[in-house]
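Below, each structure is written out as structure tokens.
Across the two complexes that follow, subunit A remains constant while its partner is subunit B and subsequently subunit C.
Then we have the complex of A and B:
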């Protein structure tokens, strides 16, 4: 009896097909144990199903795989209910419930262990033992993910060796175990000849000698006789309806080998030494890939001596049974050529097949977070986009109007996605001095400034704001997309430096609304803030009854008040601002307008305009590093690389629109366009927009230096563009100061 | 009858190790063997030994997803990989071996505004540097690959893509063998099961290697290993800016040919193609945690399967056959490192990350030229090891963490 399972409770689909449906299973030696590739069928739209391993179910649509090698179609028709995944933690997992597996499970339970058993004959196909350790099984009710605290017991038994002689593709060939099982299930076998170990409980003729070949009957697809050879070389032909083949066992030990280094133990037949069959002489060795002994001889004669090379040169062992049938014969073949017996293929998942839909069970897309104002944006008709890892309003239907509201009136923008972190404690100042390339100690309480975060190589990893609340308390912001990394960065450095600080992530707890435009102060006054902070200052105030910390920096180029508040108050504050600003023409602006506004100001976006190796010099932001500061992360690298010649720089460009007969057409180059210096590729545009205020296209892009100089006139999209200093708009920054 | 049995390549292994060679190449993968091949065929240098600790092509050369493309993000890389694409296109002719080279076209999908920008930039830089890539809209994507769900299952809609018609595949093992065969035919000695245990130095100059089969003298030693290059480099006291990360892939059973292009998505972190045999071959980005382990993980299989179904719903009922793992040497700027090292006589070709297979012909050709002439060819000069010290790194978003 097979160690893997014993009798199935119900008929397998294969038994049903053979006994009741009179279906002619395509040839080959059937094993009934899930090892061979001979009973494959498409069942309910899923191909490569081993019919011996699934329970018969009335109404199942079954198509046997074509014997002519025609492949199943590449499709997944119809709907299918989602597959569930169930996770179990246990003490011991026992794979295989044959005699040895049952004893192992009983023994473990007798000492109080929580045991999970997984048995192929119960429809629990273990696909692999993974680091974790994690044992994953496919069942007809979904996936099982089993995490054992203790031992993994592998009791998967041994498989029977397939015949590798001419005629092994015929129908009517079964392994000895399969013969016994089929007979017990009432499948008529007719006259049975047994080669090798005979099957249990069946009357059969015993064939002696060496197996030579199978011969067809009057039905050319079905076996009619088996030919044996005695030691004297005399061949005997034994007529039969079925041949039972007991050619020896080879351990079904892939899971055991896969789990090397883990707490794993094999029991029962899985520990058997692999039986090495006689060297195959003729016929098909690998039925999955159709590899013959002649193929093996051919590649071997041309230098493919290693098992792994023979596999790759012939593709033997790469089909549905993954070498279960052919590896014993190939090892025997190679050993017979004079080499040492080579180990079998590396054991890899999956040991039993399953669909992509099944293996994906339990997976989900990473959540894209929403701000507290998400529904407000949707209600206003916003097109929502994933930006910086969040759902954000791309625009509300009229980008031009959103832009104009900022430049000429007042507008609000949901900037809750900014990374926000509070750093406090006696070590806060020293930590931030180490993190930032500009002096922090000179930043008085109540002040805020724009800063870059550098890595040890002096390359920009993020930017944002640092604001000082008190001697020992600071509020930092990071980019929406960079906040997670930045938080790790700050925490790791705090840890490394042993800083006596408290770090509080406030990204999700605080909402943030930017009120911006020439009439922003007017709106704030209506909301009860008569004396808002001055430029580059911040302060605490109630805005329309909502407690806020108001930061006065500017990304849009206009007067801006960034209102940080408890996220629970976001909706109330948003409504109040819209309502108070109604007669000022207030309207919210989305990211598309914001990108235009910031580009007019020449503000770069980390990740869009920067690269992995953007130093502040390359970004043209040397003002943002103070090398007279004695120590900060990246200082050494900045000093070193500043001595090397500059190779490229992020520059501003402008391009006129095209005058047609009636109007100026923007024709702004797309982001990603190449920049040419004469015939030379000189860089790539990272940001572009049409500036309505300036009446021209404006761009940021990387420009290579030639002979130590940045070219002034370049070609972008076949048209002339000029390198110009940034900001493009209000270069003195008067408007932001108000 | 199996049409995929290799029927021509003849590997004539050497019978014994000589005690001295002009050049010793450590690593019998694609890069090591291609370098030997081009040394022999282009420069007449045949007193060369290639030392492989396992079997040839058993490392990343045999663990990759066989994709050939030139659609990188920085000009130097585009030019280099385009050279490789061109060499691959004629490799069957040159070696007179069936390498199953097939031009399929490659779609790189954008699912966001940022993705559009990136794919447009890719197309623009490629076009400027001699690789043909164009930005295409969803309608064109549907024509190229009707199986793509343009709604991304309602979750990851397709906004556009860059399309690289030259994207192709070739049978990885056969590429390795064809180079090995060609090199050995001209007298190069390739040894399997010969591990390098040390590198001999004399007054700062490399003089040979120690192997499991005894010492071998050589004036030039090239490390062409994958996965353990830092170990080899440390034998000459060299520290490389390389980390090694696992990269995983899986393959399904064989199905009728119906999926023609190669489809990649940075947003979903995966890519898929159908092999000549009919298997769907699916890969992901590198594992985040560095490791040398070849262990296959379940989270990779589960999540990669899930994400790719989002884009390619026809995958759902296909049955998974096998998963496997390679290890990738990643440099800090995601670009390869080729050439001189500052240690006299010691050269490297490394940092191949997830792009090693596609670079085999050009990498081999250029390193052979460097070894033969002593001068670094212009095409690979930007990839020299000293670029890190010179602050001339080549941050390539077009290649970060992908295939």
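Then we have the complex of A and C:
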């Protein structure tokens, strides 16, 4: 234990290294206050540790960093537990616990304030002040986040100015305060010469005059003498083992300046005016980056006259000490060139080097939600992928069989990820009439309609279904990936219009299973639904004992029933359907098969086949807008853009191929492939697949019009493709209607 | 790992005055998610709400776990940036450990409620 400043403190690692281990630290002028880069070391695999700021611990592996800005060797820190972040809310936070900081904390506590104190010497190194306000400190137990309701008091004191003369890289140089602390800790200093303000409690020789340089001893790395010059220009050489440097103080005010505009107050030495040292004439100014006076002169001669520009041109101030050592000297240098004294660098977080673990403390990756059937999919061997913001089964191992089950028998698909919202109230109909470009009032209770959602510019932002339950109650669906935005869209418009409605987002609450295939109705009959809804109808029924709302739709092109139910019942319903359909050859299908099935039907996917400026006209879906409706979002834009010549359109393409099964690496062009009309780039493919049923490659893609016409034959992937109408499969829709 | 179990509840969206005036089954907890929305840890008949257009639904889309108070506070000090309520009982909601959580602070324990699709993530982050 060492005593300094009236306090008892545990030995720092630096003190131990100097006193007990006899390690040659440095060189450069040690400050023992965390301001200089000269005691940096890699400790237990972590680089840039200020050994003066950490407590000595037996057994720590220490490798001192090389001086003059050389990067420390990259060591693997090994397996480490995650760094935690702890949050504290308080009335007042006091940064620094020197005399002024202790008084500030005591005063605040005396009036009943909840005070948090943070002090680097106690292992709480504040690395930044952020808007909030939020004070972030690094501690030996992890990161600490402190949110003060009231004041931030900065009592970080002042740092001692470093020497900027030749030989300032030598060992044996210490600031005056550091000299006193080292002596008090029992570190032998030998013969001490004091330059400037002498250290407390040390017998030393006082040097007078101007500091000129340090000279090495017989050990070329260690100081052996200091050379001073008197006003008459006469140099005096003073032999020594240690030089104590009391060259003045500069406020340690980076945090104070960083917090400007917040409720912040400085106390104590942090408010001192910065001492400006003499203009350096030779030697290293920034030991972190190895920037010399000659470097400063060079960039100044090339026009870099602002402190911030000098920093960028030389990298001075960008090293571990973040300008604590060099800024006074660069300010002095620039002032000596005739400019006004410039303020220090802009203060920004972070002020200290952090490990990646510390930077990541308290952070989590974004959550990808799972449907209630997640474990069922995994149990069936599904390959799970993040799709539309959810974990979804991509396939269950046999895409062809999954596809075939839909086209020839019966299959089920987990579509719980669809956005689902219930709208109720006297204003529900008027709200939906405003939101959708087709009439909603003509939708009878028990009926459902496929709809697009347009923005004010008439561009598609989502699609889904509107199902009417009663005069004042509707159920809406949205795409999986677009559900969150769609909810905000509906809520914003409901509020803007003052609609008398109740809105409930049920995306997470309801599971949904699509039963599809030519034998889907047969499966439902076995599950107790003898009279399922007709196409584009919906109704309530128990399916295998599970209360469901059944929507008769089709995305696959076959008869389909979407069973919406309480999420808690999903697993029971899933098992029941698989069991009841066993002899029908039922098997679940994943997204890979579904995307193939939907593309055969020419169904677009918003976000994949659409762009940010996809109008219904460009999508070839003008049937989905009724301009005789007096008002809906996007109507004016649709009317205006309809008067412009059509420039491009989403089209269907087919291409003969050689593939016989989807498992063969196909010659079907990839999504994103370019479309060529002769020598002209004509568009891009947005969706593509090999159609087992049609025996050809089919695609959707954007195609530019040329002279007002869409080309018929184009080139994709170096081969001829034909533009064809969609749907590719069952264009009359007979299969979906059953 | 803690088991975060699906909550059997009711969710109601109605005019705020109707929710203000409602009474809930004895022993049930009622979490006011928004002025016009409440989550009740009981099956609630529609009749309790005096709003003809109210949406009253069985709600199984949330999962929950009770955590001992000291452990919960330790977890929240690490994973929650916002200030926790001091009074008991209390309800609060916001992002915790990167998840949208609803918290019920009882005298000796805390109920953590999360949307069921994120329940596995909560269990993982509670470890």
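Simple rule for what comes next: the second predicted complex is superposed on the first by the 713 of 738 C-alpha atoms of A that agree within 3 Å, B and C clash if a C-alpha of one lies under 4 Å from a C-alpha of the other, contacts with A are read in each partner's own complex, and residues count from 1 in each chain.
Everything below uses one rule, namely that a contact is a pair of C-beta atoms (placed from the backbone, for glycine too) under 8 Å apart; a residue touches a chain by one contact, two chains touch by 3 or more.
If you're wondering where the values come from, they're calculated on a predicted model, not measured in any experiment.
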item	value
Joint occupancy of subunit A by subunit B and subunit C, clash or fit	fit
Per-residue touch tally on subunit A - higher for subunit B or for subunit C	B
Which of subunit B and subunit C A:362 touches, first, second, both or neither	both
From subunit A, separation angle of subunit B and subunit C (C-alpha centres, steps of 10 degrees)	150
Subunit B versus subunit C as contact partner of A:47, first or second or both or neither	first
First (subunit B), second (subunit C), both or neither touched by A:647	first
Touched partner set for A:74, first subunit B, second subunit C, both or neither	first
Subunit B versus subunit C as contact partner of A:130, first or second or both or neither	first
Touched partner set for A:293, first subunit B, second subunit C, both or neither	neither
First (subunit B), second (subunit C), both or neither touched by A:174	neither
Where subunit B and subunit C come nearest after superposition, their Cα distance in Å	10
Where subunit A meets both subunit C and subunit B, residue numbers	145, 362-365
Subunit A partner contacts - residues on subunit B that touch it in the complex	1-2, 4-7, 9-13, 55-58, 62, 75, 111-114, 117-125, 127-129, 155-156, 173, 177, 192, 252-259, 274, 277-278, 280, 294-298, 301-303, 305-310, 313-324, 333-334, 390-393, 395, 397, 400
Complex contacts: residues of subunit A adjacent to subunit C	84-89, 145, 147, 362-367, 369-372, 374, 390, 422, 424-426, 472-473, 500-504, 506, 508-510, 566-569
Subunit C to subunit A touching residues, read off their complex	6, 8, 11, 13-15, 36-37, 51, 53-55, 57-62, 77-81, 83, 97-99, 115-118, 120-121, 125
Subunit A to subunit B touching residues, read off their complex	45-49, 70-77, 80, 127-128, 130-132, 134, 136, 145, 289-291, 295, 298-299, 302-304, 306, 308-309, 312-315, 318-320, 322, 346, 348-350, 353-357, 359-365, 385-387, 394, 607-608, 611-613, 615, 640-641, 644, 647, 670-674, 676, 681, 684, 686
